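Take this structure, written in structure tokens, and hold onto it; I'll ask about it next.
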Amino acid sequence: MINKIVQSMADAMADIKDGSTVLLAGFGAVGQPNVLIDGLIEQGAKDLTVACNNAGTGHIGLARLMELGRVRKIVCSFPRSSDPVVFETLYRAGKIELEIVPQGTLAERMRAAGAGVPAFFTATGVGTKMAVGKEHREIEGRTYILENALYGDLGLVEAWEADRWGNLTYKLAGRNFNPIVAMASKLTVVQTQHVRELGDIDPDHIVTPGIFVDRVLHVPYGDPSGF
Amino acid sequence: MINKIVQSMADAMADIKDGSTVLLAGFGAVGQPNVLIDGLIEQGAKDLTVACNNAGTGHIGLARLMELGRVRKIVCSFPRSSDPVVFETLYRAGKIELEIVPQGTLAERMRAAGAGVPAFFTATGVGTKMAVGKEHREIEGRTYILENALYGDLGLVEAWEADRWGNLTYKLAGRNFNPIVAMASKLTVVQTQHVRELGDIDPDHIVTPGIFVDRVLHVPYGDPSGF
Amino acid sequence: MSGSAVADFKPFSRTQMALRVANDIPEGWYVNLGIGIPTAVADHVPLDREVIFHSENGVLGMGPAPEKDKIEPWLINAGKQYITLRPGGSMCHHADSFSMIRGGHLDLCVLGAFQVADNGDIANWATSENDTAPAVGGAMDLAAGAKRLWVLMEHTTKDGSPKLVTKCTYPLTAPAAVKRVYTNLATIDVTERGFVVLSMAPGLTFENLQAKTEAKLHLPA
Amino acid sequence: MSGSAVADFKPFSRTQMALRVANDIPEGWYVNLGIGIPTAVADHVPLDREVIFHSENGVLGMGPAPEKDKIEPWLINAGKQYITLRPGGSMCHHADSFSMIRGGHLDLCVLGAFQVADNGDIANWATSENDTAPAVGGAMDLAAGAKRLWVLMEHTTKDGSPKLVTKCTYPLTAPAAVKRVYTNLATIDVTERGFVVLSMAPGLTFENLQAKTEAKLHLPA
């Protein structure tokens, strides 16, 4: 019997290696795998590259992981937040590397990684700093730049529902980066609000099929709050 | 009030021009916009390029459109069927052009067209006839070829449910190419089994949001039958 | 009225600025509103003129802000504010959401800006080449991807420097992208001739508007 | 048993061929089965050894064929046969379905073939360079994309020509893709040394197998 549901955070975080590229889903406080990030903090992997829409808030979650010196590089679109002090301090001190990526390019690079597309052309960023050093090409009269897929060794995801095959649904804006982080990551670990019996989620309503999911931890924390 | 629901086939097919590229969704007999294809036959546009997974069966639908001499070129992955006589006759007589595309490349080219990606690299077809004349590139030790987006002037789609904003759901294997045909086409025309009141489809269950849809015709024909 | 010729005009308020943009959006358009003043545009589109608002984080069909006791904690916009969803609204993931933007499916995006040049260049994400930790978000995708880009901003900076320029000095968000600019002083189209003034705040003279604008202004042909 | 050394073996039946592949698929693998003999592999995987079968047309988690009076007309596989969906099965669109294939998420694909070369080249879609209207379907995606490609086919053509060759003469589906070949005579791995015979039909000699094979066969190291 396939059973991707793990019983402990230790099982969820087993075998995560130093030097991993970690894709973190979530946008704002919604659909963000906070409990798994805490698990990663506890687990101890270091020298990480983290890709996430922003760069942490306050001294918790991703900010805490950075504060502990475990993150070598951040790949994000918006390294600001209501309280970005940890990232900004590290960045000014030259203690963390930053790769700024337009939000849509970040999303498309993850989706490409999951879809077997190692590189693609896009108009976003043409004529800006983002295009410096990138291959340019004119196609049908418009200029595009080439962007590479962004692969994760580890993807952390928050779902609304999950079953033992790893099928997932999301709630409203909790979907955000979650499905593409799942697609793009070699090891996809999910925290889910609800565990369903196999077959209880309508086949037409499953958003992330279990093929993109490796481990599921039941974390029924309730509603997100605050940003 | 936005109302994409049209009352007649004439309205559904208005302003379709000779020389158009038409993307046809459907796989087998399931999720195939048969009634709209008949509408296109009636409407009269010619010199069409048609992209579809296969190249028609018997003397109905796409096969009929070809038989009437209205299709200049077929872009497809599998120009065979239980009865491919029309296509094969035209093809042997040199009366129709054929572009064979691997099924996944066909799907990805449509998705790319909808997503603002004019070209992308893929491993599919490398080392085969499909790669002849295409740009090759080695990325991280593997060879890929460059494929272009496939844009539709017109996309024909079959949905299970639709509302007046053009939001769509599909039933089981009726989904197939439909969502990506909708994304990739300048003018997307839908035939739907069911019309729902705005708001009656759960926002988390809508598969194709109305932004990709222009016209919806109510065609409650029931179940697909035969191939 | 005062006797001073220079002071003798009334700039548009922020509400008026948002309202003017709102009035120019026809029913049926798919529209993304940037963070800041542009967000307020939605408040001035009556619900019965159906305009479908998109937010980068996978929301299509945003409605008005929720009443305080009716907040849905799983429903936020790209500015991380609580929102409502209209009947007919739908959710998608980030790559699908940006497909709407990058695939040219949005009829309009309205952004704020630091500078707009008279060739349509826009700078709205970083104020120096050496900005510490510049944050771009979805601005470049929106500027490059939407069918039309309008800018809604003050006509000058707080210290009076022009924001409508011949060449942006701040890092670009996208080249040759802006089609129209709404400011507290005027509505200005970006055309092949450069900036063409469509309307001005009441009492303002063309010469006075030009004095507050680095790039040359034109009257409509 | 007959006295003839050459005739003194029993080729595997089609059922046995499918069964041998089925027995080698561990629980939890995501597997796509090509049209033809490979489709029959699913019948030999017991439901309680959970193997998740994928079909190109957006189906993940196919179950056994339906009983005739329980056909769901909206549920077909890539071979356009009616299927069932297991509890836990899910639907997706064609681009997402091929993302599973092309993104390397399938553990295994089993295809039929016209020819397999001892470097792993596979030819299974066209029988001549000038085939009229060749039909490729998803074969190239599957051959290039799955983590492992196994081939299930007769050892020779009907007229006795070898199908395990040094170089494919038919147009390729993918180069250097096949990891293992199951035939009616043997199971053969494709390795850096070339074809390595893992097992043979009962009574068959290695020499006899070699006689029916163009490429050189090796014994396991």
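A, B, C and D are the chain letters, set down in written order, and residue numbers restart from 1 in every chain.
Keep in mind that, in the parts below, a residue touches a chain if its C-beta (ideal position, glycine included) is under 8 Å from a C-beta of that chain, and two chains touch if they have at least 3 such contacts.
Predicted model, so just to flag it, every value in this text is computed and none were measured.
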Those chains which touch chain D and also touch chain A: B
Result of counting contacting C-beta pairs for B-C and B-D, higher pair: B-D
Chain whose mean Cα position lies farthest from chain B: C
Centre-of-Cα separation between chain B and chain A, whole angstrom: 32
Chain A and chain C, separation of their C-alpha mean positions in angstrom: 30
Chain centre separation in whole Å, for chain C relative to chain B (CA means): 36
Set of chain A residues in contact with two or more other chains: 108, 111, 115-117, 122-124, 170-172, 175, 203-204, 207
Shared-contact residues (touching 2 or more other chains) in chain C: 85, 91-92, 95, 98, 101-102, 145
Contact pairs between chains, per stated definition: A-B, A-C, A-D, B-C, B-D
Chain B-facing residues of chain D, complex: 56-59, 72-76, 78, 80, 85, 91-95, 97-98, 101-102, 121, 126, 129, 132-141, 144-145, 171-176
List of chain B residues in touch with chain C within their complex: 1-2, 111, 113-117, 163-165, 167, 183, 198-199, 203-204, 206, 209-212
Touch list for chain A against partner chain B, complex: 108, 112, 115-124, 137, 139-140, 142, 144, 148, 169-172, 175, 203-205, 207
Chain B residues touching chain D - in the complex, by the definition given at the top: 27-31, 55, 77-80, 84, 87-88, 91-92, 98, 100-108, 110-111, 122-130, 170-180, 207, 223-225, 227
Of chain D, residues touching chain A in the complex: 27-28, 30, 48, 50, 52, 54, 60-61, 85-92, 95, 98-106, 145
